[in-house]
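Residue numbering begins at 1 within each chain, and the chains themselves are lettered A, B, C, D and E in the order written.
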């Protein structure tokens, strides 16, 4: 054994390099495979869609046709939409969505944490919150349109209400799940209520909140589009309704494709933010070879 | 005030007007978009925003709530709203026919040849309680068919309506253009009762049936006579351009037909009445050049 | 002068899953003078951790009174330090930030807290591991983080629940000496739970022996060994052995009682 | 001390009783207070609603009036609704909701766990799932109506799609959060893949899934009501739309009140189920006096 | 016959938060014969737990080979038992169901599993606590649940990471004897990690001493004390002391190296 330790130094210097290289290679190969499979799914999906509509198995009147959808998107990009330039529509919906997302998730987080930490408040208010959660958003959208006017506000409200409940319930439960030992330790170490919340409760509940945020941006988009049902002059939702009324299925799906792209971009931002915030976490179980 | 003037409003002060339309690209609402695109609002120095109401639930709420200045929708709402204590009046009536039609599933067209045959059938309407529902009730009522024997199915408009016909979920249904043409062209539907022309409307409903027009809150109209006038000026010009048979005026007898339909066939309006003179005004249409 | 810690006829009961009541501590009275170093020994499951939880204010007693510096304990006091038996370091904080947490909570600036933390990290032998997260440490290292985290606050009342049981003998001895030095300089009152009687005697002024659960105090023994002590050497003093034998005879009975009872009859 | 142990036996016999009595009393008092406060919230809320609408601060044309809403409910109960007896409407919507809830949550749980356990699958499919989440449910409802027919199926589909995403994202994250030590232990103890899932992953993720179920039933109701937009002849949603079309705000709110009641009943069932399933859990941190 | 466990020039590296590489084990070779009871001692943080993780198949080595019964380890084998250093009992299972988990996973009927579990619960002195959930147990009790959970499976390879460090001396002695009896009857190969050299010698056939991290084998020592042993008595045999002194002189150096290094230079 002592023979070996003589050669330990050069080995030690070289090994990390080698290991690092291997790791990077494996990561690259994996990324390639994932992207390949993603593409495969896309091709199979779009391909069968195109095929079935082409041969008439599926009625393209209702479900559009991928090639037609791409064409429609292209027209929108190059010639603008019936409502104006495409980017304006996207921007309008984005604004509603982002605001709704922020308002809804901030409110959800704050109320979720507050009620999670205060049992009495939770007991008193939870039936109201649960009841409110069953109000059809479509009806709510109409009420918002009436009370807040037909401009940005009502659409933001519709978007944020959709986001709110999801974030609220998760934040609430996240707080309830915080490890009692950690809370005890923080209190012993001298954390006051505020510190306890910011330094223990929130970091602990973060993965709960983050999980809800993943779904929330999509919901905010949905909310904004629902908001556009009740009186809009522009926006991707309006584009979709417009296309729908013109029996332009390709237009409807083109609008949805736009929404999907927006959602994916936002999602990747949220994921980046999340991994910054939760960088301490060990790799999830599934990363270990099972 | 009495400043209302039929002359082009280029000299008048510019004004912003928001008009909500219950489906910008439905044919019955066409004059709205046309006026905008022909530039007739501009001519009147009006800066009009056409707000699309995509939900098909009507623009009345937005008008009553003051979220928009005026709305484009069916006349009967002005009557119904009086029962709820809200006053709204039509300042421009686009047509004297509803522009709708009862379309019957082509596969069943053999057995359904008249309104009488609709008895006991599944009838599509946009939504329970909506304008198409009222019209269907009126049709059945005129033909002395007990409406309680029929099933009304809320199928929305457009492709959901078409799907409902294709799937046999409804035997017939009340809908509008372009859905009607679409069904007829594809061979899936046949027009049973055509409420698109004045003549057939009179035959079916016993009188003119004013449907889509422009209405606004009565107090708004009174406070904005000048703007109202300029709006009507613009619409009249468009209707002329379309060589339409109307000129924004309420057809005489039309309101009474609608009121009768409401009182006889709309459950919620039974036993109620409305002051028809407050539901429309021809003041601006008369002055419009 | 009021004792630093005073438990008077304290009883603590827990609900069992079947709805019964389990008495973990019964009629336990215990007293720690200001600046005294007390050790608490007793068989496993007897109620040592529960006793610390009562003193810390994390758990209320079912009956009896718990006082710290003459005031009834109603919640967590601000002058208490508690090294938990189970892992309780913050998984989302690096070693440095874990140790700096106490000073931060108590109002120190970030820089100051980190400086002091750095010092403590060295003292517990973790220099070089400042940026690690707890899941990247070995069991003994995590325990030392917890130690530094608590000691950095220089608490007036220091509760320690088997703090050294995960450490090898040598590291343990070093840490024990470190603790004694610190305590001598600070005049804190310490309650030190251990299952190692030698450790208890080497460190403490007084050793409380708890009975097998429900815990009550079987006896308490003054350890009159001279201070300052070096734990590595003090074990070889003849007086150490005498004290050991005296306490052990008491403790062994309890441990046996506990084990036999649990093994045969069941404790519910 | 030994003096005391003589009296320990009778004390021990009596004390649990005493303590039990105290605990029960405290619990009863707390329940009373919670219910009192809930009632207070209700009274203040309904009271100010009634007042502001009565004096005309708020337009009852849009927002109804509590007394009117109660009246409308009463009429519905005693005389039936425009669409038929009230209980039939509730039953129809309940059926859609319960089925949608079951389908959506079962799918969400299964897919969430599957993707949570299989990293590659998750990486490949997650962009599609996230994109799908941004599809406006109203448009989706129309598509379902077209493709599944206008009967029960399409309403169930709309309800379940709303439920699905919320449950999916939580189940997925719940699986990723499982303690690695527990997984390692189970594998060492001999658990195969299936056992690992049923005995470790699911119990661990249960509080995540349960949290999502709390919001899900409400969402299923919302989905069913959205589904009733298309091709409905009965149901609470249809009641609401009908009222809306008749400018009957009281009817709209009466319908929403019905939904709220249904949601609260279902919620209490879910809570009961949850506390049965997670009975091992220590009381949440907040129950400890802080 | 192939050795039960064989590590050949194994190296294990971890990524540190700052992106560096930390070598926890370097060039470690180790061999356990079938039916042999090996102890692994070494300073805290040296890499003992990591070594067990490698043998169990929970972690792959960065370099070198790990074999169990002559076959390369690629994942968790089905004939392995592992008592983890950290709590790993299932919080949602009662004591009874926790202990019954292994047999259940290995196909026993519910009734049979529970019967066997009941027996094991008594053996570790937890009779009467069958219905408790882990959070309602003391630290030592949880550890005993983990022990019963593992031993009930009668694994051919038994890895134990400081299983007795949370127990009082008496309970510990009882458990140690229980373990030795069990092992004698089963012919399992055991790797027993402890920081207590006395315990290592009292139990093992062979003691491996690891160097301060990065761990490699500093030496291995055959413990030629007669069997069957009674751990309470064997410590008083003269041969015990000899072995102890021999190993200790080795170990102490390492521990000191580790401590001083960590304290002064940092380990990164």
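Here is the rule we go by: contacts are C-beta pairs under 8 Å (C-beta built on N, C-alpha and C of every residue); 3 or more make two chains touch, one makes a residue touch a chain.
On a predicted model such as this, the values are computed, not experimentally measured, just so you know.
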{"item": "Furthest chain, CA centroid comparison against subunit C", "value": "B"}
{"item": "Reference subunit E; chain at largest CA-centroid distance", "value": "B"}
{"item": "For subunit A paired with subunit D, centre-to-centre distance based on mean C-alpha positions, whole Å", "value": "21"}
{"item": "Geometric centre distance via CA averages, subunit C-subunit B, whole Å", "value": "82"}
{"item": "Length of the line joining the C-alpha centres of subunit A and subunit B, rounded to whole Å", "value": "41"}
{"item": "Sequence positions of subunit E contacting 2 or more other chains", "value": "17, 58, 86-87, 94, 133"}
{"item": "Multi-partner residues of subunit A (each touching 2 or more other chains)", "value": "62, 138, 142, 146-147, 187, 229, 237, 244, 280, 282, 288, 290"}
{"item": "Subunit B: positions in contact with at least two other chains", "value": "57, 61, 65, 159, 163"}
{"item": "Contacting residues of subunit E [partner subunit D, same complex]", "value": "56, 58, 76, 78, 80-82, 84, 86-94, 101-102, 104-106, 133, 135, 149-150, 153"}
{"item": "Touch list for subunit D against partner subunit B, complex", "value": "59, 61-62, 82-83, 142, 145-146, 149-151, 228-233, 238, 241-248"}
{"item": "Interfacial residue positions of subunit D with respect to subunit E in the complex", "value": "179, 181-182, 184-192, 195, 199-200, 203-204, 206, 278, 280-282"}
{"item": "Subunit D residues within the subunit A interface of the complex", "value": "33-34, 37-38, 41, 62-63, 116-120, 123-125, 127-128, 130-139, 142-143, 146-147, 165-166, 169-170, 172-173, 175-178, 180, 183, 187, 193, 207-208, 210-212, 214-215, 217-219, 221-222, 225-226, 229, 237, 240, 244, 252, 256, 259-264, 267, 282, 284-288, 290"}
{"item": "Touching residues on subunit E, where the partner in the complex is subunit C", "value": "14, 16-18, 41-46, 48-49, 85-87, 94, 122-123, 125-129, 131-133, 136-141, 144, 161-162, 165-171, 174, 195-197, 251-252, 255-256, 258-259, 262-268"}
